[in-house]
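Two complexes are shown next, each including subunit A; its partner changes from subunit B in the first to subunit C in the second.
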Partner chain A sequence: MTVPMSRGEAGFLGRFEAERASLPGAPGPRAAAAEAFRALGLPGASSGRRAEAWKYTSLRALAEAGFAGSLSVAETDMAMVPRLAATRLVFVDGRFRADLSDPAPGIFGSARAPEFGPLAQPARDPLVALNTMLAEDGAAIEVADGDDAGVVQIAHLASAAAGQAIACHPRHLIRLGAGARLVLLETMSGTGRYLHNPVSEILLGPDAALSHLRLQEEADDAFHLATLYAELAARARYEAFTLNLGARLARTEIHARLAGPDGFVALNAAQLLGGAQHADMTTVVRHDAPRGASRQTVRSVLSGRARGVFQGRIEVARGAQKTDGYQRSQALLLSDAAEIDTKPELEIFADDVKCSHGATVGALDPEQLFYLRSRGVPEAPARAMLVRAFLDESLDAVTHKAARAALDAAIARAWEREAA
Partner chain B sequence: MLEISGLAASVEGTPILRGIDLVVPSGEVHAIMGPNGSGKSTLSYVLAGREDYTVTAGSVRFDGADLLAMEPEMRAAAGVFLAFQAPVELPGVNNANFLRTALNAIRRARGEPELDAVQFLKLARAQSKALAMPEDMLKRNVNVGFSGGEKKRNEVLQMALLRPRLAILDETDSGLDIDALRIVADGVNALRRPEFSALVITHHQRLLERLVPDRVHVLAGGRILRSGGPELARELETRGYGAITAAAA
Partner chain C sequence: MPAVAETLETVESLARSGYKFGFETTIDMDVAPKGLTEDTIRLISARKGEPAWLLDWRFAAFAAWRKMEEPRWARVHHTPIDYQDIHYYAAPKAKAGPASLDEVDPELLATYEKLGIPLKERAILAGVQGANVAVDAVFDSVSVATTFRATLAKSGVIFCPISEAVREHPDLVRQYLGTVVPVADNFFSALNSAVFTDGSFVYIPPGVRCPMELSTYFRINARNTGQFERTLIIADAGAQVSYLEGCTAPQRDENQLHAAVVELIALDDAKIKYSTVQNWYPGDAEGRGGIYNFVTKRGLCRGARSRISWTQVETGSAITWKYPSCVLEGDGSVGEFYSVAMTNHMQQADTGTKMIHIGRDTRSTIVSKGISAGKSDNTYRGLVRIGPRASGARNHTQCDSLLIGDRCGAHTVPYIESRNPSAKVEHEATTSKISEDQMFYCRARGLSQEDAVGLIVNGFCKEVLKELPMEFAVEAQKLLAVSLEGSVG
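Here is the complex of A and B:
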């Protein structure tokens, strides 16, 4: 039985058919991706395959929506984009804007073919298939062996202001050579109704170190679906921190593979959600070499009818002895209707490893609240203080000062919106 | 001044306070002593406004106002301060930030200008020095990893900063070394003025030697069984509660 394709799915494929001749780069990967997308469908859509990886998150609302191609409007509200670094690549509606950007040698937004790297799995991941099929642009960052590239900001702004929902699928490729270093700050924001579906491929050479901060502050009505792949050579370090504040539906899916020995991966996140927001952190850390360490802590504050999801899988291959991995989900539920779903999975084929996971869920502690109120702090600010404290403990992993300040300010904005 | 009449309260349906009458006039320091589990902390929580304690009878007036009708933060703004027997840990909340937020909340409620970070730090440093507190306690998270005595000192620091009109000290002297005991006593004595009163809950005569209470009350089984002058504390120290509770039974 063939189930008819949803409006959204048909729309994306229709766009591909209409534009395939003019899309940049080699057509091969795109055609294959289109086939994969046709076969996989959007998870949760009636035609989409049931996938365990999408157990808690349905893209039905996305499948039923219609999106136009991305359109870059000339007027861009740059006030919405914080400046966090001297080197800044600005993308508006998925397209690189040289006029708004400050690139540097080796660090540029390509207005040419997006670079399809070796890590992405369009045949397996439907959103990656969608991205590969329609990607027009993306950041290309290459840090040469031994270089310290300092701090680079990628700012993505979506401006579906003309009343038309848009979809953008930027494709980023980040390569750090042996011993290279980079702090990458990604900010994502916008207005209106849109889909932001970025795919990032991150390749770290031996001893390379990437600190990756992601501030997701998309518009209330946006879909944010990000997929990241990272591969680490020996002794490389990848430290990612995601702050999820915006979007009606957000999913951050990170695949990190420790290909060489003694690597380190941290995939931490904090999320503050209210209303009917849904945010999903899905991570797969694969230890393929000995003595790797991975750390994941996801802290969620959920109010209203918000729903948070943390699915974390740690895979330890047979040869990956002395692997040290843990993951933790900590949630603060501020209302009865809020919900957190946590699914840890350990898949271990080596015998000498240390892997653990844990999850806690709680409400604000009435004793703490009373302590603050007994000192004269009224209830609302007392609650705000405790929520901040809960999130701050995870934000302390962010040592870059300007980035930390930007995250703090974003949380304050989000909390004010919540409270209003 | 504080007027408690016929106060009864229960926790999760269990009656704990069974009719307390107590008046603490302005300018006076009263001590409350009594066996473990007699309801001393319950009384202090009820006065501070903890919501899980249900008042089933009686009234409490503070400067003529109905204290029990006020939210905890309003009581604090009116000048009530409780030094907790078990101070609460606030992971992730910086102590200096906490103290400044509290002080400014109360100053705002009193119609006084708020202190900025610099003004506040100057004041807090001076006060913590006077209390012989290590300065890094201001930088740490509230009560997290503090020793028992450090937590109590932190309560006294809060009292010194907030300058309450009614201080309720719930066993602030327990677990303190001899120097700290003097610090607590000095802390209360420094606040003494005609419009200040204190209710000092303690198990030990030695704090009262330094504080010299105007009255001493014995609370047992949720009632005040006896009241007297400072000599009552000395008597309890030698003879225990046995005679009093037996006489009341």
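Here is the complex of A and C:
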């Protein structure tokens, strides 16, 4: 059955046809990705484009929009990019800007061809197919065996001019050798109307440890669709924290695989949404080896007509005995029109495991509110205080001080904007 | 005396006293040719002496079904079903069963022995020819039937085969049939609507508390009603009924596909409790044979403060695809789902519930216990949806999985959708195995390995088993132990 092409789908494919000769790197993977994108399309673009993995998030609005090339004509406003680390890679509209960056040995902004790693699955994930087809640039970070690379910031800035709509598809590859360490801070922000569709592949060697903080503050009119793949060798640790605040439509999809024994994965997130925002946090943790542990806490606060989605799956393969998996999702609905959709899944094929998940949905506790009110705290600050306390519990996973301060400040900004 | 025991005794005594009339019953040998066309439906409708509106209703379902595709989202795998290779109308007992108990599979008899089923009963369950007919005849005999009917009729309760209800109470059937599960609800319900041959009909008048627990076990012609059963239960305002479905011993059934539909309707302040113990033939240890059980069960709490409670113990069938659900429309209505699903060998179960909260202050509770052993796969799949009007709605869900052995799978797929800030939804799920400590404790006290597993599994399921009517609970406990045989050690 052929599904009619939407304007957006046709636009992306058209751009690929027009630019394929000049796109950097080997043409093979791009052609294959284009075929996959033609077949998969944008989930929700039409009735023929429905997929279970996209049950709660439709890309119809994206499919109906048209996006031009990736280069903006607007001025770059670096004031929007917080400086969080000495080593900083800045991407503007998906392209590395050496003039704005401070790289370090092994940490490249890579103006070279984007590197397609072994983890991404363009044949299965439509947005990864789109990224592979059109990727032009991306960070390449390599930390050698035993090295501690300290803190690295990757800043994404999109700046579409009025009346312009741009799309960028950066492709990042992060490799940590045996015993290597890195704290990676990603900030994403911008102005105007754009699509930011990054794909990151993260490979962690034995005993490697990556702490990955992601602050998503995209523009009100932006689409943010990020896909991350992480693969962990024995005893490696991957700790990710995502804060979703911006974009009209955001989806963060993380696939983490514990390929070696005794690995540890934490995929924590917080979302604070209002207006007509839609944010989707989708994660798959796959335990393929024994004695792995995974932890997840996802907290969402929704006001206005916002819609929050959390889909989290823990997969335990046969033979991944002594796996310890835990997942918790909690949502606060602050208004009548807000909505939360949660789907925590367990898929277990080994018997000697400990896996659990919990999900709760509710409003602010009236008793807590009453307590604060009875002590003279006015309604609005009391509510703000409770919401902050709710989010703080998930933020406590972030131990890096500068990063925590940046996240706190971002939440305060978002809450003020919400209240205004 | 519990009603079940009473019946058994009646049956036994009748059999002892040499009740022979049954043998003269003319066996209806009607079998429709294989395949499903409008003619098949016309034939079924004609055999049942149905009015034109019902035939039209069936045709509408058939037209919808033809446009539908078999659902593929459940975590079950099977060879494709050829819907044109099925007899859609075969009168009961058309097939010759074994002539005596000696010809029955000894493995099956051993199972009955363990369940403590009386000899006579074993013969019936195994499908021994004479016994079958005799007991059916006993059930059919005017005396037994009228005993129950008289008691029920005195309180105004209608309890009869649905085909009879279509003739005797057409207004009631027409008013409610298909209102909870519309004909085109899903692939299997559409198929059922087109070709259903029989099932139960229950109507409890306003304010009446049904004087006995109703059961397909009692009902005339309840057995082998075929693959496409249709049950409709209506509890009018303030009425109460408890309905038991199923049998607790494995039945040899040649049918491969079962696609039943059950609709429950509770009006203001009404209560319906629906309990199932399902132990259809699960296939052998290698996964050959067994029933495909694709069932649509849904209850509508239409009235304020109404309550519908589903309790199920699912141990049989090669494939179970079943989601007994509650639509909580009336303000203050309550939905409950208590489930034990056990799979062993090559069985696959994908089962759970949907709680759709529409009215204010609606409440629902879900307790699901999944046990997987052997090479089986066991999935809980559930939906809790809180609509924008459902202020003050509450849901609590508890899903626990127990894995026995390292070749099986246990999966939990809950969907939680909330669109009302004052609603409160809580979901918890755990997966574990029987701990070495628990086993050691039991073994040290002299229990065999199998008994210890049985005991621990029963403890794991306790929250659900206590919801079952007493007679069922006892048999369900034994059943769990029997179903686990060969899964440990």
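In the analysis below, the second predicted complex is superposed on the first by the 411 of 420 C-alpha atoms of A that agree within 3 Å, B and C clash if a C-alpha of one lies under 4 Å from a C-alpha of the other, contacts with A are read in each partner's own complex, and residues count from 1 in each chain.
One rule holds in what follows: a residue touches a chain if its C-beta (ideal position, glycine included) is under 8 Å from a C-beta of that chain, and two chains touch if they have at least 3 such contacts.
On a predicted model such as this, the values are computed, not experimentally measured, just so you know.
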Partner chain in contact with A:370 - subunit B first, subunit C second, else both or neither: first
Partner chain in contact with A:99 - subunit B first, subunit C second, else both or neither: neither
Subunit B versus subunit C, judged by how many residues of subunit A each one touches: C
Touching partner for A:381 - first (subunit B), second (subunit C), both, neither: first
Which of subunit B and subunit C A:362 touches, first, second, both or neither: second
Partner chain in contact with A:393 - subunit B first, subunit C second, else both or neither: first
Contacting residues of subunit B [partner subunit A, same complex]: 48-52, 71-73, 75-77, 81-82, 84, 87-88, 90-93, 98, 101-102, 105-106, 109, 141, 158, 162
In the complex with subunit C, residue positions of subunit A that touch it: 52, 55, 318-319, 321, 331, 333-363
Interfacial residue positions of subunit C with respect to subunit A in the complex: 73, 386, 388, 401, 403-433
Residue numbers on subunit A that touch subunit B, as the complex places them: 366-368, 370-379, 381-382, 385-386, 388-393
